[in-house]
């Protein structure tokens, strides 16, 4: 009953449409290469589109990502597949063959006009993963307001099968019986840009990140700070209180061998400082404290950003938080050794606590298959010529960009995506000669 | 494919419900719970705006659950923000 | 609401931030007064002082310049724009136009709340300006 | 190009303006609130509108066919579609115009969904009035629109890379492999740059000399035009067409034409001032680069001897010349302090410490830091390894910078500071030798900066267009940056930047010509009175200039911001596609009281 | 006055264990996570840092090493796996070694071979010495066929006196050091009584120890460190009481004591309790499941082995006495039992066993300074 397999051909297959994949695709497509860009989520934009603002410029993340997303979506040389999984990529005779599955959204994308009438009609509420469960969505919904493309996804597992959405749709595009669509693609080169996950919020038991409602992840804080966030402001999840005292716990998921993440995640210091600055902007009287080991503001303009934050009155306390508990009002209590003043442990109560979690690879070859790339000790995809050509993977013709090779901030990701595009283009050219 | 398209929505739903079997009931129960929760909260803030702790007290639900529903109904334009009351925002039915 | 409908507010938006910002408000199906007219430009710095004065002459009640602020991609454009707006205020004063009928602000692509707030404030300003004028006339 | 424009405008004048208006229902999304029929009827009264129609889905194939048929059969030459946001379907309809043989810029998209029907639910009448005014404004705008063509400039398929360090070589290689011609210019007498000073590099522990020779051999194997001992004399021109004058060792000037330029001019080491932690006053105080050179060739030994003296206690001080604070540190020559972090020194220092302990395992090593910034892949391992090998760390702050005091016998020194790790107690650290982890400062390229008006930041490094999204491009179109001329980086990061800048160059030069948006300033020479007011407004060097008594625009350099437009008294200068006349027409339509058709002024 | 940094102290402490402590990067997690660290006694990082910069005086003068019960939470959660708990254990060994003047303790801790040789040598000497006095023709107590009862009696007293002397020396030294402890204050005299009360309560109940409950390893009570320790302690005290009672009432009582005689009951029950405790402790160390048992060193084993063998041989002798089993093997076991018991007392000041003296003193000082 499933439709015949669709055949596609491209110069380069790009896996992942976060900022790295978008940038690599654009850099290649603008050179005239045909790109097949595959994204597993319903919208492109990756992690970046859901951030509040970016450091150190404090540009609105969505404002600088949306144009790039739109350029990709409208680019004549980019064939974009969203809500699509890559199952396998194989290299035969110098060409890559990918088997790809387009997951059913349960609607006809060619007919959908993105009007959201289905979403309004739907009565089933679910936690919204784009707001990291802080907010709600419907069983049929468009991922987020500025999603690209503006097609909803129907969550068949949660659907009541009431038919309200189908009745509301002006184009009759809903199809409850839709099946996955198989796609076979051939490409001359591959760029992998599958991104990162945060370290599990439950990883450090002493922090109770999965138990205490007011101990949240940094991506949740991003949503609270975003102008279109779930609460319409910074409030805490347990009861909607506007917090007076907010703390950031640095290295809550990095530089910790007991968590199996011995490396530094590079971005946590800066995003915490950024969030702290944004908080002090929106909650001018709130006390904001960052508990840290070393402030790693190493990038261009980052140190100055850090010094500005200090000048704004954000408290930087050199201490690693040992444990977190909470009182009867769900106020988190941190236990720290405040070593700058004395050597003694101290308990401090805050209204809201952000665990500055680190980065782990979202996709790991030996766990998730698809394509057999070598990984390093840190489980990220390994570069075989790290100094000179960081985007080179262990497989000829496959290049990696962004956080799939290690933690990285946006600017380093974009630079590396450009470098990966260059490598892919040059590889294609070298293959032509053969 | 062609054949499937011809099925009307009612037929599609009937077919899928049959495939789903018992699972359907569970989802309908949950839906009833959801509607109940929304109704209770909306009733509490129909006449006057209330904060999350106040709604929780009025409805007997816990604050975290109330707040999630407020967020949900805020998003779908059923609830609107009113004035700030202390450290909390008061919400009113739209 | 009736008052609001006989009111014309011109929203000058930028291609990269406030125009998509207005779309975001639409995508969220939020409500604001229909007396609002959005035009988009690469950058509002293009308009001379006379453009604004002509608008008021033609019967536009209020103008909100929704710039890109620090996100502006053009060198020096925001500085020039704010300097120009200052000169427009002078001309407005000279011509007896209430200065609250012009506002320079920054709206991002997802600034839903700020967008609505600016419109509401402008409506209030316009009503106040009308009342003041009537008061003077009376 | 000028000629082309003229013929088109002539054509234009001879032609009657015939606008077609199409109002979309969007399957009820618009038509449930906006009375689309009323919009059509109102617009029909506009003298310029020859056809007005509504349709359920304009973006659908039958909808587009309506437009194409009207263009072909009814000689419609301007199109207005009132529908969703232009961000969704403007390109769709422009393509339809092209298919029908009409200039795609003769199209106006009016947003009556996101900015009308969706936000004015329940106020149908007002929403309809708004839709009429907005659509009329669209008609006014497009009636005053000329056909536009993209700006096309010639693109020389050759690149000049300035700087023969790792980043420069890396960029040159990527470009030549892409099929572009490359001239690589190096000031010194050999390729390799700062990497030549290094022994082994973190985290791969490769020999830096291997990296350099690997790159150098690759450069030599390709047809890269390598110019050693050469400097830039002059650069003129603009994107696609730069004229680069190169001065050789014999002062002979050679000219190269390039479509783009990559700057990879590198950095200088921070040089401590005399007396900074005893530097220059005592021979036992050296900088990290000096120390690396010193121990590079030393054999492994139980004893470390320096200047005939046994060294037992060796201290390293971080952040010398970096992360400086105003009022705390001595300012640089230009009166500013180096307030930036030099990024590489933490890992470089710990890398050196480990190397030192490999050779001299009996040394006591002390490390005085502010924050340990071992951020990158494998960096933290050097920190841990150094700790495990018994290095003692001390953390100082700007309130307590280590104080250097030579010991009374003159052979060693003591460093005294308040140690954060010891709850701010004062500690005194014996040191027989002190190594200062000096940072990076921008290399002096003031000749290039002046010549090309290159933007620099407050840190004096070259300033990219956008620190987040466009990190390897300068505001100067066609000039890219790679490596440490932009800010501190290590070899990996410099090479990645070189690859990224090669991608940007390839995009520019992949075809023989560069196509750019037509939305740039245009001067009506008949109106221009040569008052020059516009010149002061332009921030883009060479974009606007005076010649033959009127203003000229170089469309390759103009970004179309419109700053010049506003100051022109006779309205002689305008942004193509966004003229003030067009906006005036739109305001007329928006401000019309009765929903009667506005007329287009002659 | 600035502290002059001395990097050699840590090297010295490391000879007593704590082989990973250099990895420490002073984050302070250990102090913050420690359930017992507080404003009076802050550890472990404070002591680690003092070790790193080489402030020997402060390292050995504080009560902190004795306030730590080594629950393992700090080591479990240490981001650098520097084993701060193990460092605290090493500090206790270091402190014991620093408190006795002979240097034997120092050598025993630092060299396993030396420790074994000393143990064997002292054991043999004791055993041989006990053989010097021949048993009379009419032994009053037949089980002492191998050793003269009188010999045991008086040697026991002598050994105890010797032990007491070394202990007193140690106590004086430790008091001396604690008086220079920087965290210490001069509390009001009334405080002494309550501090003493708190100390005794803590020793009896081990409340602090039990309540430290590491979040990372929620163990059942009978497997918990505190309960095992309590079992060993009460078992040992019980046996000490039973033995003393036997000694004191020796002449008044019939020879073949019934196992229902109160002192016997105390001995039997205590022996069982201790045997269970010691077995459980040894099992924990074998399995190495918990962090705090992962790095068992010879001094830990030494004490456990001694207690285990003493308990086992004690039972053997009890059974032999009750059922009047006569065998040369019993004689040998009797000799072993007596020799080991005396050795345990004799080497008290030099081994881990010394903590029975030092910990209460440290606790007393701690409570004295508690607000």
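We call the chains A, B, C, D and E, going by the order they appear; numbering starts again at 1 in every chain.
Everything that follows uses one rule, which is that contacts are C-beta pairs under 8 Å (C-beta built on N, C-alpha and C of every residue); 3 or more make two chains touch, one makes a residue touch a chain.
Predicted model, so just to flag it, every value in this text is computed and none were measured.
Note on connectivity: the fewest chain-to-chain touch steps from chain C to chain E number 2.
The set of chains touching chain D and also touching chain E is given as A. Relative to the centroid of all protein Cα atoms, the closest per-chain Cα centroid is that of A.
Of all chains, the one whose mean C-alpha position sits at the greatest distance from that of chain A is E. The greatest centre-to-centre gap from chain C, using C-alpha centroids, is found for E.
By count of C-beta pairs in contact, A-E exceeds the other of the chain pairs A-C and A-E.
If you average the Cα atoms of chain B and of chain C, the two centres end up 37 Å apart. Measuring from the averaged C-alpha position of chain A to that of chain B gives a distance of 28 Å.
Measuring from the averaged C-alpha position of chain B to that of chain E gives a distance of 64 Å. Separating the centre of chain A from that of chain D, both taken as means of CA atoms, is a distance of 24 Å.
Under the contact definition stated at the top, not a single residue of chain B touches 2 or more other chains.
The set of chain D residues that touch two or more partner chains comprises 87, 372, 384, 395, 421, 466. Multi-chain contact residues of chain A (touching two or more other chains): 57, 59, 64, 120, 150, 232, 255, 339, 342-343.
Partner chain D is touched in their complex by these residues of chain C: 1, 5, 8, 10, 20, 22-23, 25-27, 29-39, 41-43, 45-49, 51, 54-55, 58-60, 73-77, 80, 84. Of all the residues in chain D, the ones that touch chain C in their complex are 85, 87, 111, 113-116, 118-123, 126-127, 129-130, 133-134, 137, 466, 475, 519, 537, 539-540, 559-563, 565-568, 575, 578, 580, 583-584, 586-588, 590-591, 593. Considering their complex, residues 1, 3, 120, 123-125, 127, 134-138, 158-163, 166-167, 174-177, 213, 230-233, 235, 237-244 of chain A touch chain B.
Taken together, the chain E residues at the contact with chain D in this complex read 1-5, 7, 10-11, 20, 22-26, 49-50, 52-53, 80. Those residues of chain A whose C-beta lies close enough to touch chain C in the complex are 57-60, 62-64, 66-67, 116, 120, 145-146, 150, 226-228, 232.
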